[in-house]
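The chains carry the letters A, B, C, D and E, assigned in the order they are written, with residues numbered from 1 in each.
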Amino acid sequence: MIRRIVAAVALPVVLIALWWLLTANSTSYFWPPLADILKVLPDTWFGERARTDIAPSIARLLIGYLCALVIGVAAGVAIGISPVLRALTEPSLEFFRAIPPPVLVPVIALFAGYTGSLSKVITIALGCLWPILLNTVEGVRGVDEVLLDTARSYRLPRHSVILPAAGPQIAAGARQALSIAVILMVISELFGASNGIGASVVQFQRSFAVPQMWTGIIVLGLLGVLLSLIFRVAEHRALAWYRGWRDAERASR
Amino acid sequence: MSVLEVAGLAKTYQRNRKPLEAIRELTFTVDAGQLVCVVGPSGAGKTTLLRCIAGLLEPTSGEVRLNGEKVTGPPRGMAVVFQEYGRSLFPWMTVRQNVERPLIEKRLSKPDRRAAVDEALSAVGLLDSHDAHPWQLSGGMQQRVAIARAIAYQPSVLVMDEPFAAVDAQTRAELEDLVRSIWQRLNVTIVFVTHDIDEAVYLGQRVLVLSNRPTVVLEDVTVDLPAERDQISTRSHARFAELRAHVYRLVQQAKKGLRETSPTL
Amino acid sequence: GGSDDEPGQTGADGTTKLSVGVIPILDVAPIYLGIEQGFFKEQGLELELQKAQGGAAIVPAVVSGQYQLGYSNTTSLLIAASQGLSLKVVANGNNSTGEPGKDFGGVVVPENSPIRSAADLAGKRVAINTLQNINTTTVNKVVRDDGGDPSKISYTELAFPEIPAAVANGDVDAGQVVEPFLTIAQQQGMRVIASNFAQTDPKLNVGMYFTSQQYASQNADVVEKFATAMKQSLNYADDNPEAAREILSSYTEIEPEIREAVTLPQWPEQIDTNSVQVLSDLALQDGLIEEQPDLTELLP
Amino acid sequence: MRSSRTGLGLLGLLLVAAVFEVLPRAGLVNRDYLPPASEMAGKLAELLGDSAFWTATGQTLRGWGAGLAVAMVAGVAAGAVIGSVPVLREFTASTIEFLRPIPSVALIPLVVLIYGSRPESALVLVVYAALWQVLVQVLYGVADVDPVARDTARSYGFSKLSIARNILLPTALPYILTGFRLAAAVALILEITAELVIGVPGLGQLIGVAQSSGAVPRTYALVIVVGLIGVFVNSLARMLERRLLHWHPSVRREVPA
Amino acid sequence: MSVLEVAGLAKTYQRNRKPLEAIRELTFTVDAGQLVCVVGPSGAGKTTLLRCIAGLLEPTSGEVRLNGEKVTGPPRGMAVVFQEYGRSLFPWMTVRQNVERPLIEKRLSKPDRRAAVDEALSAVGLLDSHDAHPWQLSGGMQQRVAIARAIAYQPSVLVMDEPFAAVDAQTRAELEDLVRSIWQRLNVTIVFVTHDIDEAVYLGQRVLVLSNRPTVVLEDVTVDLPAERDQISTRSHARFAELRAHVYRLVQQAKKGLRETSPTL
């Protein structure tokens, strides 16, 4: 246990120390000393902003992410199972996937409104969709044939086998989507937002409030860590069998 | 009345863009409640045949009919024990869940399921390991879970592909008797693939001997031993020895016939 | 490469290459004209114009020396200066026409909107290109002057191209746009209810060309030459509006009909210090800055 | 088989195009902001005759390709090393988790500071964003190695390098290819975004100029080009997959029996 | 001189947080060039034992020594045939590549490799399928590939876990003779797990009978049959029948002893 905690904090501590030392006497306007950044951090984020900016951002992020998860897995299973459906949809999906959100956002806004949260939630969901969808499709396609045959011959519904069997790969996608969700949360707030963490960071950047801008980057990083910790707990539970299996056979050496 | 009809069945695989004729022509029928064993050299096409019967593989030509209907997908009421037992168990489920899952699909009530699972697990000697995951079991134990799953399902047709390959001699004998007792009690139709000729003769009412690839039925041997069998007396029966020797010769002949290369070194 | 290729340095043949960050909009037409007319070449300058999306990207690039010069709106420069970034304005950029209703920026509403004047904006949703910048301070001022309470406006940030669409869809009640979107919005039937630049100050200075203090002090002669050529360019643009319209086709994709219809800004050669002071006061009043920058430091 | 796949894909794209033709024509959306697909196509055809467009496309592809290549090499190497050394995996996990979600867009002011609007700005953003995609996939892929297969290799005395090449790589390959496809898309997105926001020369810059000029159909035509590049990249990845993964259940099942 | 020493070996697994004592205490030695068969009921811990010998699993206590050195990782010069033959073949390689790959690790020259692979493949009768992928083969063929890989490797110690479970009787007999001929020719030390008692007696110089879980050595049976063996005459030898019966009784006893649950139904 202690070892695990040490492992988790060792490298970050070293990196932070390095950052601290390298910027300690910095006079560069853009690389303020870490001490200065940390000094403004609480004032910047833990007052009014927690409610007006952090909370709405996280709410949009979670809703968008969960939508992507449900749609991505459902569509991924359908597309993964059916070669015809895959051939039909793949180029179109690739087409939309390749379009950068900043240019897609106006189109989404056209349908979902320019202000308000809906278009932002859709932007986040749309961006998170791809890793989840792709991984699900690949995971489903890679399921052991004997396992599938077994399910078929006992007339089990296909998804009851495919979902757990593709579980590890779906988890890989879901994990990846999580960090994309944070990215898109910021991007979505670049357009038509009056509040949010991303909007604030951009605002700081535009008004050349550099230490505050750095605190924003730190807050985003911390948010990412927090989300991924939560995710890890969930993954641990859902894929306990998989970890057990791999650990058991690897307990070896 | 014949439950299962295999008519002119042929299967050609593609291997590296070249056709590979696995099964050339198989025709036979199995009556309701019969126990038929299938033997043949390794690579003859036994698994291929079973997969066609189970509706998991489309034949290149010919057809399989079950109760008069052409098989196009996995038919209702059939249970399959796969040769790759390890890969056919769901690693995310415990032993109990693996056996119980198909019964849930069959809409058995919870107490009924429980009873059926317990009975099947104790029949294969695995009740104590009910809460283990498949990957926590030995090879033989995994295979017995797959068998327990099939018998708990109470199918009307039971298809088994070398189901006792990984268990020890003693357990094997017990499981053989288990299969016969279930067969007699439930009047289920069984197709049983094995490479153990003694086992084929001991278990079956008929033994289908397949030739080497490209496969045809070499002979359909009727096992005219008494219906009441037991490990000691049946195996020491003179007729048993005769049949055994006959089938052995057939398999030997099958192997020589179209053998790819013969062992040397 | 040799020093020949290094922007900011004077090469062997006596010409100096300069990287200048600009935003590809109407406001910077003079610098394109100046290049076309050879005003910069006469001064021994060779400009390499770098298109960027906004002052927020150009200011840091100039400070760090990536660009020698840049164009930015005046309020952004004031904010940067008050944050302690050492900038030096070199030449005027562009100014309001001073004619309400006939300026290059304004607030538009749908045709049938109940909003009739600036004061009506109070309590409404207004789309704006950049929060807390020149557009909000000037709109606020106009609303205040008209008797409305600007603190009741809820601003939403949207890119200029999307503002007409958002207004048309009813997602916002009004939007502040500049050309060519002002013309596009009007062609779609929207009404202009306020000219926030012109009504703030008839000669309102909207943007300027600048460099870093460091570059200005080390390369005073280059900066001087740039200022001279820039003044020539501004004058030329002011005198030849048709040429200015024409040059738009070389660096924007504005459709020809729109190009003919847009209202061009004023391009005087002198910086209107007075209106810069006005913008600085407004920035302080609206809380964009905490103290006023030293204008004598910032301006030439 | 192959050609019918392509046919279906084209059919899918046509259906999408039809939707975007009908929506504005039926008046469901304002055609000032979303012109019918045919109008976009017209502009697209115009673009093809424009040499500036081809230069920009070349610049975008070059920036994207370079960034992707760096990210792939670095991601696969780092992923393989970190994934197969438990201590490393343990000690880097938290840092990776911290760095990964930092939006590459938040780094824009930093790269502008260092590189201005030179292509290097875009390169840094592209590499940063694409790297995580590859790295995480490789980490998962390495973790998916079948223990029996690994034990087999180990008991036959395979060297570490050989295990990496012969066991790790093939198992992780499906993951790497998924990573490649994800990274390729993210890299394209970042390349375009960087061009759009910072003004790095390329298609994104053209889009930016078109947008700020209110040239709606041209904007969409350019966006379509970007999308088509994405489709092209994906078919490339699929081709690669069919060659490299012909032994994998996902691919072999599609071969007609 | 003993090559392999297993001393006080014990292995306890964790199953659902409860300890599961698989092997309690195993102590035995194997001399250089000996052929030892291991039999025992399903789930006794045979695979566990082999994995400890192969250096793939760390024992809970006790140790395995090979040539006097403690085994802490896979030792050099040992080849293993796994019970899960299907999963131990690399699906991305062809049959030939699967067999050849370990030889590349051994730095054999290309012509030598080629010869060794061809010889091994033809010995198991698979030369014709050399360019197929494992998943294009039948179960028995896959198992034979795994065997070919082990013999082509020319190990000094060969460890096999139920290597003939999936092949037909005729092939099995041929492979048995193949193993004996290799053993005699190359003087390799072999540990051979099987659940076929006839096979154990026919092949081995000794048969180690394991008890049921928690496992100990029940008896170390010396097979005092002539060194020259062949399928017909050896199996009809009176001593063969005696030994066979003796081992059978032992296994039966082992199974009864600590059996989890006994088959009923």
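What we mean here is this: a contact is a pair of C-beta atoms (placed from the backbone, for glycine too) under 8 Å apart; a residue touches a chain by one contact, two chains touch by 3 or more.
Quantities reported herein were computed from a predicted structural model and do not represent experimental measurements.
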### Query
What are the chains that subunit A and subunit E both touch?
B, D
## Note on the structure
Quick note, more Cb pairs in contact for A-D or A-B? It is A-D
### Query
Hey, how far is the Cα centre of subunit C from the one of subunit D, in Å?
36
#### Entry: Intercentroid distance (Cα basis), subunit E paired with subunit C, Å
83
### Message
Roughly how far is subunit D from subunit E, centre to centre by C-alpha average, rounded to an integer in Å?
### Response
48
### Message
Two or more other chains touching the same residue: where does that happen in subunit A?
### Response
30, 106, 110, 144, 205, 248-249, 252
## Note on the structure
For subunit D, residue numbers touching 2 or more other chains are 30, 33, 109, 113, 148, 151, 196-197, 211, 219, 248-249
### Query
Which parts of subunit C, given as residue numbers and ranges, touch two or more other chains?
56, 60, 64, 159, 161, 165, 169
### Query
So in the complex, which bits of subunit C are touching subunit D?
19, 21, 23-25, 50-53, 56-57, 60-61, 64, 66-67, 159-161, 164-165, 168-169, 180-181, 184, 188, 251-255, 258
### Query
Which bits of subunit B are touching subunit A when the two form their complex?
51, 54-56, 73-74, 76, 78-80, 82, 84, 87-93, 101-102, 105, 133, 135-136, 149, 153
### Query
What does subunit E use to touch subunit B in their complex?
13, 15-16, 39-47, 83-84, 86-87, 119, 122-129, 131-132, 136-141, 144, 162, 165-172, 174-175, 177-178, 181-182, 195-197, 248, 251-252, 255, 259-265
#### Entry: Complex interface listing, subunit D residues touching subunit A
4-5, 8-13, 15-16, 29-30, 33-34, 90-95, 97-106, 109-110, 113, 129, 132-133, 136-137, 140, 143-144, 147-148, 151, 174-175, 178, 181-182, 185-186, 188-190, 192-193, 196-197, 204, 207, 211, 219, 223, 226-231, 233-235, 238, 248-251, 253-254
### Message
Under the stated contact criterion, what part of subunit D meets subunit C in this complex?
### Response
30, 32-33, 108-109, 112-118, 196-199, 205, 208-216, 218-219
